[in-house]
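Order as written gives the chain letters A, B, C and D; numbering starts at 1 within each chain.
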Amino acid sequence: MSALWDSIFGATVVAAATDDQAWLQALCDTEAALAIACRSVGLVDASVADAVVQVCTRVAADGPGALGPESAADGNPVIPLVRRLRDRAQEAYGPSVAAAVHLGATSQDILDTAAMLVARNALVVILAAVEDASAACTSLVRTHRDTAMIGRTLMQQAIPTTFGAVAAGWGDGLDLALRRLSLTRDGLAVQLGGAAGTLAGWHPHGAAVRAALAGQLGLVDPGTVWHTERSRIAVLAADLGVSCGTFGKVATDIVLLSQDEVGELRERSGGGSSTMPHKHNPIAAITARAAAAQAPGLVATVLGAMPAELQRGAGPWHAEWLPLTALLTAAGGAATRLAESLAGLQVCTDAMVRNLAGTDVPPTGAAEIAAAYLARHTP
Amino acid sequence: MSALWDSIFGATVVAAATDDQAWLQALCDTEAALAIACRSVGLVDASVADAVVQVCTRVAADGPGALGPESAADGNPVIPLVRRLRDRAQEAYGPSVAAAVHLGATSQDILDTAAMLVARNALVVILAAVEDASAACTSLVRTHRDTAMIGRTLMQQAIPTTFGAVAAGWGDGLDLALRRLSLTRDGLAVQLGGAAGTLAGWHPHGAAVRAALAGQLGLVDPGTVWHTERSRIAVLAADLGVSCGTFGKVATDIVLLSQDEVGELRERSGGGSSTMPHKHNPIAAITARAAAAQAPGLVATVLGAMPAELQRGAGPWHAEWLPLTALLTAAGGAATRLAESLAGLQVCTDAMVRNLAGTDVPPTGAAEIAAAYLARHTP
Amino acid sequence: MSALWDSIFGATVVAAATDDQAWLQALCDTEAALAIACRSVGLVDASVADAVVQVCTRVAADGPGALGPESAADGNPVIPLVRRLRDRAQEAYGPSVAAAVHLGATSQDILDTAAMLVARNALVVILAAVEDASAACTSLVRTHRDTAMIGRTLMQQAIPTTFGAVAAGWGDGLDLALRRLSLTRDGLAVQLGGAAGTLAGWHPHGAAVRAALAGQLGLVDPGTVWHTERSRIAVLAADLGVSCGTFGKVATDIVLLSQDEVGELRERSGGGSSTMPHKHNPIAAITARAAAAQAPGLVATVLGAMPAELQRGAGPWHAEWLPLTALLTAAGGAATRLAESLAGLQVCTDAMVRNLAGTDVPPTGAAEIAAAYLARHTP
Amino acid sequence: MSALWDSIFGATVVAAATDDQAWLQALCDTEAALAIACRSVGLVDASVADAVVQVCTRVAADGPGALGPESAADGNPVIPLVRRLRDRAQEAYGPSVAAAVHLGATSQDILDTAAMLVARNALVVILAAVEDASAACTSLVRTHRDTAMIGRTLMQQAIPTTFGAVAAGWGDGLDLALRRLSLTRDGLAVQLGGAAGTLAGWHPHGAAVRAALAGQLGLVDPGTVWHTERSRIAVLAADLGVSCGTFGKVATDIVLLSQDEVGELRERSGGGSSTMPHKHNPIAAITARAAAAQAPGLVATVLGAMPAELQRGAGPWHAEWLPLTALLTAAGGAATRLAESLAGLQVCTDAMVRNLAGTDVPPTGAAEIAAAYLARHTP
């Protein structure tokens, strides 16, 4: 959430989906959907629910203002937000609407569910970038199915392959990332439990309210409460982390193949230097590597926060917010930078031929690897 | 792989599935299955393949001996193992059998596939322990569906719940772990690519050899090479890490509820102290927490090793072996210790009543949470 | 760098020392100091150096503007910043001053040295918060030197201690953090090497320019180049991480002793709940725990980035910027929240007496522990 | 503690300093020293203390046997060890000697202090390996002070340097590691607090017993109790982690400069391949990288375990043992493998000349960098 670092690490767009305003919007959307869900079981009148929705829309539009400082006393933004919503409801519609705000819910219900909305919006950005990277890969496979190059194992020349087979390997990883992140996005679930996870505040309609909330927000109904069973958060973090590893692998290969002495790849618009005008640094791949390198530590933080105490973590819950946001921006940034690198990648076939000089065996099997990839990517 | 620490952290059984002998067996099983797979496409005669299988069986039975020191020069155990297999084949059957050993393969094919066999065997142990823990949980839910206790959020008394609902929440996490780890086990795939990932050594039968190898070993045919697309390894590590988080959450709750001042739970055979005879430490839960706490850092190590360079990582590949083994033992140990804790858990309903003294509201909704869990666990 | 999360995690002040403007200022300060250092060895005329300093001052005052987007192409902010400085110098003073900007330096020289300035400014904030926490601790030790309470090991009652001894243990950790972070602050060193770490651009005055740069900025002259020997960065990160562990330990104890069933501590202004008006959550300690919990993963990221390739890391270098910034804010936030918690801590001696009921031994030795601590803290 | 992995990762020697027998010896040495320390303040008669020492010697010599399984019930090895010592003392010398065993101590006193002994012994091995690596580096600097080679930044050719300057940069890192690890070794402190950290069991001689224990074992007297102030453990872990980063950096450079297309370095005895007889893999550097890559995650685990609850962590304390042991073996292994790589490094000056072909500037300043390094390493 720094214009400087976000720009460098390709995260400008995804950062907008995870900044304070994005969180405010997601929190207000959740409160609005809760009112509608309560209406669906008869806990709130239709007109009251509509009024709550109006209030949520307006409070979201007002922007966060001093929501941060107001959140410090109680340790989460939902408490001052509910105050804002109730004050506005009271003022505009009177006490019955004010009383219907946040009905039956606890802060964690709203914040956890809002986190899923933030994640979904960020995943849209991330997936679009991965699709761009995947498409660029597929184009490289198609063009270079038969372009022989030396394979390198333990960073030493091994036997020949083709650049098409190498790029197909990259594409396989991106396909797995797309599948995994799409599944994750489609499985994002509302969290609703009330003060101690018993759905007491909507009794006996708790399960119905949860289902309606999920339907309203386009999220999954998990069928259980997960206020302190954090594996959903952890799996989301892990999926982002694994995807970053895939992005980092491709970016590392691009950087290695772009070394002057290897010379097989070259980014279209390489980065310059403050001292050396001749430099043509593969800066998109380099910054993709750096963005991706943020992930392992952040995943460890989320996993380390899983043991939330009893019915709501006294620290572990709060510890999720920063690394989850950072993982979404890291993954979005790395995918974006990688897509840039791949989209403009110049393949120096002369260098590939030159580097094959020590070998007289053909790249047996490589074209089939590429062909099988292409068969999986027929439009 | 220390008798001392393994015993303390519940990992004795799972450690036996991941020790040097277990790796040797898995490596030999892979070489044997490869010979059979090569036979299936006509690359090796049936009698030759049978002889290779015999050799593999005998070399595995001989034990690792000095396999470690022999592995140092080349950096992986497959190279000296192949020497052993070929020497033994030559001696017992002559050059045609020796030549059929390791046919077309590279070290990584054998080691990666063997790692999947090691993981599968360890997962059998882990899953059995999680099932024990889950069964103990279900029993607690059944017995205590209606046992009211105070819910605690941010480690402060909140509103009432029941111990059945609390244990159902634990059980939900264990169910997710069971499902995730079972899926992971069922998805473990062979890795076969040859020297540079082009299946050159079995051309044009590479895909068929891979499919046969998978069938022979009871692993999945991934349809692609994944020598440097390590998301399968990373997902395995992440699944173990997320599961450890779930185990750690339950263990943390047990430790918290066993505090003298709370007194709601008590392990049957609590641990003693070297100085304080009155101590009754919930040592199974404590050591489960400690075993589970190993996971986040180890997952970070595996994720950090994903960017394997070009056609075989020069360090990143090797960096996977220790943390993967450690994650399997940590997960197996944590699950085992947790199952012990849960199986002998004494529920002190008097204390639960006493700690509810400040509250006069009933545990609305909690019994339904427990009932829904039980409905999902009807035998 | 989000007003929302920074407020919750106590990081508002330290975030101002590490935001985009703070980085811009530090980068400009480094470029200005470099001009003066070059003047000191005669590479630049005095009037030219003074003009460069003027330009740096003005460009810093203008704010970052679009520095982020401008940095994306080359992957670091120094390149567009040098363009800005040279354009402004050309415009205001002509080519000789423009040519003196960034003389002999490479981007990494400026960015690494600026990072040390950012770290120093953030450490001032962090150390002030730790001193506040330490002072609050000392006050607790003084007041409660003889206040008996039960000691708890493995979260079970053990033998008596005093609250003074417990708080002295907290204070010992804070003292170590103060000493370690002060030493770290005092050891922050300039980094100057030029394009490939040979000091070529200032030859034969390189060592003298480095010494003068250090003197000008109040940083240490390391006597060597450390462009790709990143242990200074790693030690800084590790010191922040260890300090966060200390803060987290104290905060954890406060949360545990504030449990209703224990009741020995109580934060003055506890946090509320969106549903439960009776809640008095120890929210300062809770958010201190959560801020501190960010550190281990971030330290792992910085350690993982140490192996920077050859003469400037192609990703590892860039990967340091986010976690270093995040570690400074996490440490500052955790220390600030902890100081708040400690400063308003209410000690419930009645509860301490009540919880001692099961014991009839005195807190032998505890008062001496507290007294020894106080002797080390005589004003 | 696997012969297989230890051999590959260079950890055979250091593993012997951290295995079950090494821990048993350190635990017994601590119990013996405690008896002598108690004698020094008159809590135990001289003849009784001598008898305890004899018993400790014999029990250590017997080996761990079933110490692991015996430790499971109480969660640490000290409890069954004290039983063994008392039984043996009773049998050989009668009740007065049995009563003097473990006098006043709690399990953690013995285990923490033993951990410091284990660390010291492992650090001896580690430091010797780092000294070997440093000496090999110095030899390279001396021989190649003026050997020009191209510098590479962001993995692209930049401006010339010399191999002497590059190796001096490596040596600088090793020097910092030597200094840091030596300081750490010299600062290892006994931990003594008794059941709740009040030194109650030796009152009023607690501080004197601690000082005598430190003197007896050659460790530092910390002047305080640190049973739950774990920054000493964390700093040890962090120092090992930072050192691993330094080792990994050097190893990475060796691997990069050994690429066929670069060809500037070559390990004397490169590793082979199971399929490609022409391969000459820089396997010592590769396995050094892999060993070093274990560290960041393990450091995160130790840092994450710092918040030990109240007077003895219920899990966090236990969670330190595995990663601390693993960090010692990783650091020892990485340093050993790196020393091997450096000691046999062949410098291909022809390739260095060839790779300089695109440049006509001299390596200005580089010889001075190397000379300054050599001046710091005059025998």
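What we mean here is this: contacts are C-beta pairs under 8 Å (C-beta built on N, C-alpha and C of every residue); 3 or more make two chains touch, one makes a residue touch a chain.
Note that this is a predicted model, so its numbers are computed, not measured.
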**OP:** Please flag the chain sitting at the greatest distance from subunit B, going by CA centroids.
**Re:** C
Original post:
Which chain pair shares more contacting C-beta pairs: A-B, or A-D?
Top reply: A-B
**OP:** Let me have the rounded angstrom distance from the C-alpha centre of subunit A over to the C-alpha centre of subunit B, please.
**Re:** 27
Original post:
Per the centroid of Cα atoms for each chain, what is the distance between subunit A and subunit D, given in Å?
Top reply: 38
Subject >> Where subunit B touches two or more other chains, by residue >> reply: 75, 106, 152-155, 158-159, 194-195, 251-252, 255-256, 271, 273, 276, 281-283, 286, 289, 293, 296-297, 299-301, 304, 314
Original post:
In the complex formed with subunit A, which residues of subunit B make contact?
Top reply: 75, 106, 108, 151-155, 158-161, 165-166, 168-170, 172-173, 176-177, 180, 194-200, 203-204, 206-207, 223-226, 228-231, 234-235, 238-239, 241-246, 248-249, 251-253, 256-257, 289, 292-293, 295-297, 299-301, 303-304, 306-314, 363-366, 368-369, 372-373
Subject >> subunit B - residues contacting subunit C, complex >> reply: 152-159, 255-256, 258-262, 271, 273, 276, 279-283, 286, 296-297, 300, 304, 355, 358
Subject >> Complex contact set, residues of subunit A against subunit C >> reply: 1-10, 12, 19-20, 23, 64, 67-69, 71-79, 82, 102, 105-107, 110, 194-195, 201, 251-252, 255, 269, 271-276, 281-283, 286-287, 289-290, 293-294, 296-301, 304-305, 314-319, 321-323, 325-326
